[in-house]
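Note that subunit A is present in both complexes that follow, paired respectively with subunit B and with subunit C.
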Partner chain A sequence: MTNTIETPVLAIRDYSLDYETANGTFHALKNIDLSIGRGEILGLVGESGSGKTSLAWSIMRYLSKNARETSGDILLSGESLLKKSNAEIEAMRGRRISMVFQDPSTSLNPTLSLGHQLSEVLMRHRKLTKQQAWREGEAMLARVGLKTPAEMMKRMPHEASGGEKQRVVIASAFACSPECIIFDEPTTALDVITSRQILDLFVELQEETGVASLYISHDLALVSRTAGRVAVIKHGDIVEQGPVASIFHAPCETYTRELIAAVPDPTRRLSSPSVETGAEPLVRVENVSVHYGRKPFLASLTGRSFTRFKGNNAVSLTVNPGEILGVVGESGSGKSTLAKAMTGLNPFEGKIWFDGREIRGLKDMTTAYRKDVQIIFQHPDASLNPRHKISEILSRPLKLYGDGSNLRQQVGDMLEKVRLPRTHADRYPHQLSGGEKQRVAIARAFASKPRLVICDEITSALDVSVQASVVELLLELQKANNTAYLFITHDLNLIRQIAHRIAVMYRGDLVEIAPAEEIESADRADYTRRLIAAVPLPAGASPIASATIASEGA
Partner chain B sequence: MIEFLKRLLGTPQGALGLFIVLLIVAVVVFGPVIATHDPEQMSILSRYKAPSASFWLGTDQYGRDIFSRLMIGARATVVMAVLATIAGTLIGALIGTTSAFLGGRADEFIMRTVDAVMSIPSLLFALLVVNLLGSSTVNALVAVAIAFAPGMARITRSVALSVRKQDYVNAAIARGESSAFIIRREMLPNVIAPIIVEMTIRVAFAVMLFATLSFLGLGAQPPAAEWGLMVSEARQYMHLSAYILIWPSVAIAITAIGFNLLGDGLRDALNPRT
Partner chain C sequence: MSPNYLLKRLLMIVYTLFVVSLIVFAITQVLPADAATMMLGENATPEALSALRQTMGLDAPIYMQYVHWLGHLLQGDFGHSLRTNQPVGPAMFAALGRSLLLALLSIGLMLVIAIPLGIIAAVRRGKVADMLVSLVSYLGVALPEFVTATVAVLVLADWLKWLPPTGYVPLTEDFFGAIAHLVLPVCVISVILIAHVSRMVRSELVDVLHTDYIRAARLKGVSGRTVLWRHALRNALLPTITIVALDVGYLLGGVIVVEEIFAIPGIGRELIVAIQARDLPAIQAGVLIMAATYSIVNFVADILYAWLDKRIQYD
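Let's turn to the complex of A and B:
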């Protein structure tokens, strides 16, 4: 594990980086000390804004104009990168050090074929001819596990799936056998099953080539699976670094401990074990289908056939009073479409029964129905009007659903209920942090004392620690008001902690609904089992870490 | 408001643009007071004079003081341009928002009509309107306003469409708000900023369009001190004294640049995310 005799492939010594902004100097990185040896994977973990990506860009020598390097040095195999000229850096990028980005759909050029983009790297850095580069490219695509490499070379980025694109990006990163590769959240934009496959591929290639890797991620569970050593970064400071086992099982710093405790652990239930199911469920969704797209005017004139896109395909489910029903599935599986149909944002076919009343379409969604069924959206930035003060945002439901008197007092009470100071009423959304904004959105949904709240991926835009506190708040509100939740998420670990039953969706179809405790059972549908198997288990699942969490919770 | 001003003055183009526009506003308001001579007083003896202590910017072909004429003419030129832009913006914004809100077939119909109108160059369109209505200052205003409306409609529609897709509009619909409330309180405040920016930039175009119309003899009529008209009249005497041509041209250019810069500054200042 220690290779003190050998010079590390990448060494960062006492490195500090500042950004000059209109509001003064911002210290992005403070006295960073890191080193990665040959064949080693260093995981860099931190929340958003902690300086992870800034560090990646400093290593790649691609800094914005307002960046100032105040101290330290970055060494690649003993050579200082800070002293290199632009031309030297350009020759180095891609050949000696390369990078894999978060989202393959934006890191590949949409107007060039995949083969063109891959062979360009080879032609530039290994001075191959076009034919040689193309052949080499095919071999590489075969190596990253693409089944039809020759055909894939000719495809354009939009003709390949997200996972296939990320494989091409990885192939081009490994193309010139670099000494060091930086992975900046390479699986965050991908679906659970795909990201698991990409991760396996990464580990395999890494072992084969022995490249030094810096693996940047916010996902602790993922890092604990892949990395040998981990560094935890907070506000530009490395608070702790060491081997995975010791960081996750015996963290020294409180911040690390909090971070680990905040990771959802499916074996630790957070909500009450079960709800008594009455005779009548609160909501019954019967064969609800949603279709997207309208027949184009010209198509109807020319008589061209037109197939509508299916968002939901005859989905039927029930939610009991006070129950948390989790809805999971990959992106595009129709989770949000269902939520939109239930709140009247999408026209739908089929029936929804709410508390014995029949809802056939938008016309049946009366004020009484809307008062009882509320929705919270994924991005609080988008769901709170940026031009309204918090007080106005929160007073709307009060005015709509009855009691419009003494608004200031009521808005203050609502803010306190979601543990925000009363003075936040006079602020605008952009003056609040992401977690605070989501609390305001929660307060708005609970203003009408609803009986069903639809949570559409409400924690996925938040950091782990913020996510944990928002979930805690939701469960508290659920206990206090006996509200039912339709909790839509792609985070399986989280949903197994809080849901009573879990509905699995795939490409618009409802695969199955199972009690949360039995989701791992072998009787589950094939797709469900694949989904569960793909989820990386958190490192905190081991007995020592669980003990720490338990003591924190007490 | 103070914070907004700070942001506006923080950018060089915002500060400079605001300075120039304030200067122009001062000239519009206090022009007649600042003017040193009667703008229409002719003098045979002092024709084609170069700038001097008594005639700051020289004199024109009739011996009229150019400085005074520019000061007086600011009202006709700038006020007309601003009025025409506001009128054009209002018409365009109304068409654009309606189109975005209606959606579907109606949207298609309105926007294709707008496209057809936009394919005619705005100057040609303004000429057409003036020719149909007869040449006068008011008709020139109407012509410029109508020529601007389709462009504004396009911009408003695209902004309104993106705002309509936002989750806060969805949240309002899910809450059961009325359409009027959604348009007025949720959508409009978020649409207005880009429109104001676009409007400021268009004032510069309007000034130039008015100048062109006057230059072609279709806007203001002599002896009015409108800047475009002054350029037009000076053309024939250019070889006798270049100043008659240069000063009004400079005035038009400065106004155009000032409003353009202010528009750029406003675009940055009104965007809360930068």
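Let's turn to the complex of A and C:
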């Protein structure tokens, strides 16, 4: 292009969108002004409910029936999308503007082969025959870094890994060389190392094709490492936009500053430096293994041996009183299995010593043990009974482990401890926000004055700012009660801020346990270093290991 | 699907039938009359009864009687009817054949009507077409079969004289006559089935149309028609297979009223006759044959489901 004043590929001018709901009009987007030029990546950052996804649907012209566009226009290379007919929109989608979705396991049709889903785009928009499209598809899959494209084309979605599926989705988004691609949290559903590989692929393809990209994410650290410019959206308003460097180093708006401050930064430690290691650890997990799966019928008939799926493989670790032990690993690495074994939700082999007492199985997990060892789950929606009032939810452990007297008073005190108003006792879980619900779950776990609390990914469903305040609360409770935490997470930046020691798990095995400050050391195990290198640090933090990760096992 | 799984399922069917045989045998034992009384009548002398019991093996211990009965069963011998003194096996299988013919035709007609209705209702959800489909299908399920059957006979057979009112003609004897006799019962049964299958197709399709992968397909620019036929329908129709297989149970035993009204000697009707006559071997044979058919149909449905949905891995 030689034009000096280039028309932006995508321009959104004073665009507003309302939803008509039973409770009145909801203003989802308010006078949005954005533009993306050729070869540019615009990061769109916001918390859940901020209108990020509504904007994506508006651009793709995929609006629900109750949506009303009240002002402005959306222009693709100067053409108004609002004025296009349905047929024109259908012909435009996938050809001139395409989209990559958050979760490849739900955005691919489970009963059609990957090749079918890729080649249909080519047949539709480039008018190729079936054979041509299939051959072209194979070439596309090779380009997105899949090792065996011909074989991958024939596979069904359930036969491919998450990373492989997302590569196929990216291949079909790039298939017709569109002018603009919207990436809607394309790595959020993937594992740390896989998501880094997908991110590298995105950057590479983006540079190669020069496609204008709108990169939607809630992960500021990630956006700061990929995008050229960033727009921050809050309640349907773009509060601030500009080049990455100025947004991250000199934000003008309070909201942006809060958002940036909430991003976990491993260089900023939040918990006390270390705990005095007494003579005896609080918990000693000794060679704990968990196996899943029943013996197949035929094998039990014939006495043939079979291999069961391993959830945990002879894991041994200790937790000291008042210590925060982080457990990290990818999905399927056995983190949650360990938590389940320790709470008696899974049968296990091996031994657990708790405060000198030997626990060999469920029958040893007495009321005293349960009082001392509590667990908090990832989704408060699933772990709080929707038909019980908060007061009922919190009274249960008080009656079970406490004296059960003066419940009303005690429930109120518990709510105050987790910084919720006492009046929340009369509410139902659905009347609370996600962060408030998780606080109730925390209050419930602390009701029995436990000595060990197992936190199973308890912040991963929350927004960054909510996560920051929940983490702050947890550290406060830990200091006040000297409670030990087994903190399971996949967020390495967060765990490096709060844990004293970090246990790294991989496919059911415990790779190593290292003090949090030494996790970056070169002496660490190979897998640990790969994991650490895969995580983008927020801009301004210590420099990232810039080497791209080999794409093996994507 | 592993051979392991197939073998396991086949063994499960054998086990099921074994349990059914035990129950059936036990029930026929507690009925207030035994075979000898049934054959000689209420006023037979005790001597004559005990003599007959001896010849029939009814004086042996119950478990021996069961073993004896099961032994013959495994050789394909279901015993002789106490009523007609004919072998019950062939009679029951012939009745099963007639019932299955009626069932297959009804399912076929039902699918041809219910699937399009469900699709229309799902695609036009909340619109007039959707409400019409629900109205018609609820009407079908709300009216008992004796009402629809009677009305159908009255209008189409009695007044218009388009179709024969009742009776059964074997296909091999007079093909067109047989079809003419089957039209009314098949329609009456289909009406009942259409209701729930079309509701099922509708709700499944509505769910599928709201999935991420359908949205992804639309945003790739795939046309609305292709999305419906290639992406949505297959996934939406899968659960229907299970429902249809469950319907076979109803079609074998539950359509007795329809069989009665249209005088079709199906297995349900044969079984009722056998029960009324206390014809123990016929009752045992009828129940076992129905249970076997039901098990096999559900087995086939599971295999078909796994074949269509490759995600399902039985092991």
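Convention: the second predicted complex is superposed on the first by the 524 of 554 C-alpha atoms of A that agree within 3 Å, B and C clash if a C-alpha of one lies under 4 Å from a C-alpha of the other, contacts with A are read in each partner's own complex, and residues count from 1 in each chain.
Note that in this section contacts are C-beta pairs under 8 Å (C-beta built on N, C-alpha and C of every residue); 3 or more make two chains touch, one makes a residue touch a chain.
These figures come from a predicted structure and were not determined experimentally.
Enquirer: Looking at the overlay, what does A:Ser177 touch: subunit B (first), subunit C (second), both, or neither?
Expert: Neither partner.
Enquirer: Touch test for A:Ser48: subunit B only (first), subunit C only (second), both, or neither?
Expert: A:Ser48 sits against neither subunit B nor subunit C.
Enquirer: Quick one: is A:Asn406 in contact with subunit B, with subunit C, with both, or with neither? Answer first, second, both or neither.
Expert: neither
Enquirer: Between subunit B (first) and subunit C (second), which, if any, makes contact with A:Thr254: first, second, both or neither?
Expert: Neither partner.
Enquirer: May I ask you to decide whether A:Ser80 touches subunit B, subunit C, both, or neither, giving the answer as first, second, both or neither?
Expert: Neither partner.
Enquirer: Based on the superposed arrangement, let me know which partner A:Arg93 touches: subunit B (first), subunit C (second), both, or neither?
Expert: In the superposed model, A:Arg93 contacts subunit C only, not subunit B.
Enquirer: Quick one: is A:Ser383 in contact with subunit B, with subunit C, with both, or with neither? Answer first, second, both or neither.
Expert: first
Enquirer: If you stack the two complexes on chain A, which partner ends up touching A:His430: first (subunit B), second (subunit C), both, or neither?
Expert: first
Enquirer: Using the superposition on chain A as set up above, list the residues of subunit A that contact both subunit B and subunit C.
Expert: 297
Enquirer: Which of the residues in subunit A come into contact with subunit B in the complex?
Expert: 22, 294, 297, 340, 343-345, 365, 367, 370, 374-375, 377-379, 382-388, 396-397, 400, 428, 430, 444
Enquirer: Considering the complex alone, what residue numbers of subunit C touch subunit A?
Expert: Touching subunit A: residues 4, 7-8, 211-224, 226, 230-231, 234-235, 308-311, 315 of subunit C.
Enquirer: Note which residues of subunit A are touching subunit C in the complex, please.
Expert: Residue positions touching the partner: 60, 62, 90-95, 98-99, 101, 103, 106-112, 117, 120-121, 124-125, 156, 158, 169, 172, 296-298.
Enquirer: Enumerate the contact residues on subunit B facing subunit A in the complex.
Expert: Within the complex, subunit B touches subunit A at residues 10, 104-105, 108, 166-168, 170-177, 185-186, 189-190, 272-273.
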